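Take this structure, written in structure tokens, and hold onto it; I'll ask about it next.
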Amino acid sequence: MSGFSPNPDQNFGVRIQEALGNEELRESFHGAMTFLREKRRQQFPDPDALDALRTRGAAIRERALAQLPDLLEQLEGQCQHNGIRVHWAEDAAEANEIITGIARKTGGKRVVKGKSMATEEIGLNTAFENAGFSCLESDMGEYIVQQAHETPSHIIMPAIHRNKASIARQFAEQIPDTPYTEDVDELIGIGRRVLRRAFADADIGISGVNFAIAETGTLCLVENEGNGRMSTTVPDTHIAVMGIEKVIEKLSDLPDLYRLLTRSATGQPITTYLNLISGPRKPDEIDGPRQVHLVLLDNGRSRIYADRQLRETLRCIRCGACMNHCPVYERLGGHAYGTVYPGPIGQVVMPQLLGLDKAGKLTQACSLNGACGEACPVKIPLPDLIRRLRHDGVSRTDSPVRGQGKQRKWIEATIWATWLSIHTHPRLYRLSTLMATRLRRLMPPLPRAWTRHRSPLRPAARTLHETLQQRERARQKESAREQ
Amino acid sequence: MSPTIDRVYFFGTCLIDVFYPGAGMAAITLLEREGLEVLFPQAQTCCGQPPYNSGYDDEARTIARQVIETFDLPIPIIVPSGSCAGMLRKHYPALMAGDPLEEKANQLATRVYELHEFLHRVLNITLEDQGKPTRVVMHTSCSARREMEVMDDGLSLLRQLGNVEVCEPENAETCCGFGGTFAVKMSDVSAAMVADKCAAVNATGASTLLSSDCGCLMNIHGALEHRNSDAMPAEHLAEFLLRRTSGDAS
Amino acid sequence: MSSKNAILSRLRHGRAASPANTAAFAAERASDAVTPDLDIMVSALEAAHARVFRSTTSQWADDLAKLARERGWANWWIGGDDVGRTWQAHDSEPATTVFSNWDSQKAPLFDAAEVALCRARAGIAETGTLVVESSPQVPRTLSLVPPVHVVVIDEDSVVGSLHQALARYENKSLPTNLIFISGPSKTADIQQTLAYGAHGPRELIVYLCRRE
């Protein structure tokens, strides 16, 4: 499943049109986003307490990022001490090579995977297929999406774009001996039956990592379903994949981040499972994987890290609250973006990952309304970062983001240059606004993009400048007469 | 800010200048009614937000220098728009970092007030409603709500009017889809957003749409009118406040 | 240069080029010492769809026997911990399988196990959370694979917050697998409709025991 484009800018407009034209999709997202926002709101009744918690969350992440290279080395050392083997990957290709290499050595063929955005990012499923392995997604949402040859449309709820009737049809068609049912308990029961078999038979389990604790060499996984625990416990080999930014300093940093994550993501006070893995099965233990591997993925992160403003992107704990609160995401859904990470965090991450020439246009799908930044549990200034990337996209100055300046179009640059010369010459400005008011009935109803959905803009008969100037003149005349 | 303010600057904003001068005059009248002298430098144009939000920082910086030099007296700068006020107060310091005018930008930021914030928090004005009973729907812009955090100021002033029933649209905190150049560059997404906002505004059954940001007003009202030529009228909050509290209230 | 060195060197150069703003992480964490409230523990667990029985350290097995009879559970899986042994020796003579060998018992664990029983080392009142440690006596999958999971926990092991629960592991090595369980397995992946028993236990039953 490699449905994500390396060039999401291409056909972005077409995907937007498709999404806007799909009533069912819009209804699904509107319902789901409203539901998730309301649940989150209930979890944070006190705005001051929420702000204090977000400040702490941001501080914990900033502190970790400030020591990032040191913490990664400490994490590696502690993991090795615990018996976890650590691998470093510069990019997606190297990560996939490492992972398939480990898998090949086990002699096994069957892979199950717990939900992981890092593995989506590197396209691991395709790499496994190409290497002759079967890799089954085991998170219910991911399973549904994989079976339909789709991509996830939300980072927390991958099948959020689907309604139960379409899932019922899919299961009845694709899973042998399955009657059509729209009963959600039954549908989940069907998935459970299929996936339990897969867990029991799997040779290799893949997982992501929500947080890795440098101090103790511990991998933390947060989930409700138990598929993450299955994938990391039942198969003989467990391979965890994480972006290098996910490391935190110490065990005591975990509670605040965990609390922020579950409440921001799904509005739950807590998830069913918080799974702390600190090593493979010990000789005297009965179960658990015989080997545990950790793959540390860079994939452009160290380049982002060099820029202090862009570095704030790396605070992200992948909760999805920014997309849940984004009015554009709510109306388009995740697929329109064409990227692994959709919504505001995707608009910030993807241009940095793929280059502004390939993903810079994504930053335009934002009204800078600030709802994402307000929801972010670690206070990433997402609107500022989106604006920054717009700047890098059209500017010729230095930026660590590839493809800078590639979004610059001569027509827009000319518009702004003209705009500037009018607005920096007050006389010219007053002349042009005067013209606009005098010719207001003759002005063509432009721009078309505006008038297609709204009544035309009509300048007033007199500008505020002119009104006040006339008032001033009248007053002067008045006082001259009085003297 | 010293308690003895007798003069303020008025930053009219380019939208008000060309499309809603009445709102600007109403705001000035409200300030003058409180005994303030209002200075309106004729050299003012725009705050630079449109190019800034499009990523054209150099162009925005050039405008910012002009604004900083034009509004250089150490008196409050009153802005009848949350979004332009946000540009002056929140974004100029970042935009001008490293510029020779950085210090002046920081200083200017401390003098900037959104109109209703100033009327309510600084002048603490009281309003006496002279109009007939009516119901209005208030749309608070995202910049007034999140960037400037002045949502309560506008609503508090409005609630002083005894004969006015104030309502907010469902999902009041959701963007109306304006976003400056966003409404043109992503016109269909913007249209989908404003369509939902129109439905929520209409559902309130109010007879007038109010906002303290003319961008939103232009967007929502333009979309309401596009659908129905009989759409409810829209007014800048300042205009409404003045109309309800001066003798010619209707 | 190895990938490791290349990544670390880029990070170190990046850090030197634009040092972190230390003011950004000056925020100190507030004290998180919460007095454990057992009523909150019970209501949080129940809100998460778990069933909770208040019992005592000497009474729980009798209580469990009653429930076992009602539910007709015939295939118990236990580990080598104290609650397993107590249950195995109970007068009601439950049919128990001691989980002691992965390779030979993996298939029946997945196919036949009905109920698993184990002890929680600690609890967290605020969130209704049970802390289960993997050990030679308590295998990781015991609390995961059987469709019903029964947990015995002592009241005096309950702490106020996750922060306090984790503080118990400061300066000692963590178990290979430390699990915090707050309710039965669940999912809302189909149209935001909550369904229990996604992959793990469908039911979580807790005996919260006062020491006697």
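Order of writing sets the chain letters: A, B and C. Residues in each chain are counted from 1.
We take it that a residue touches a chain if its C-beta (ideal position, glycine included) is under 8 Å from a C-beta of that chain, and two chains touch if they have at least 3 such contacts.
Since the structure is predicted, the reported quantities are computational estimates derived from the model, not experimental observations.
In terms of inter-chain touching, the protein chains here are arranged end to end in an open line. Relative to the whole-protein C-alpha centroid, the nearest chain centroid is that of A.
Counting contacting C-beta pairs between every two chains, the top pair is A-C.
Work out the mean CA point of subunit B and of subunit C, and you get 54 Å between them. Here the CA centre of subunit A is 30 Å from the CA centre of subunit C. Residues of subunit A touching subunit C in their complex: 28, 31-32, 35-36, 52, 55-56, 58-60, 62-63, 65-66, 68-69, 72-73, 76, 82, 88-90, 94, 138-141, 144, 157-160, 162-164, 167, 184-185, 187-189, 191-192, 195-196, 199-200, 216, 218, 224-227, 229-230, 233-234, 244, 251-252, 254-256, 258-259, 266, 269-282, 284-288, 296, 298, 302-303, 305-308, 311.
Residues of subunit A that touch subunit B in their complex: 16-17, 20, 26, 327-328, 331-332, 364-371, 373-374, 384, 387, 389-395, 407, 412-413, 416-417, 419-420, 422-424, 426, 429-430, 433, 436-437, 447, 449-450, 452-455, 457-460, 462-465, 467-469.
Note for the complex: subunit C touches subunit A at residues 2-4, 6-8, 10-15, 17-22, 24-27, 29-30, 32, 44, 48, 79, 99-102, 106-107, 110, 127-129, 134-136, 139-141, 144, 161-163, 166-167, 169-170, 173-193, 195-201.
If you check the complex, the residues on subunit B that touch subunit A are 12, 14, 16-22, 24-25, 28, 40, 42-46, 48, 50-59, 62-63, 66, 94, 142-143, 146-147, 173-175, 177-180, 182-195, 218-219, 221-223, 225-226.
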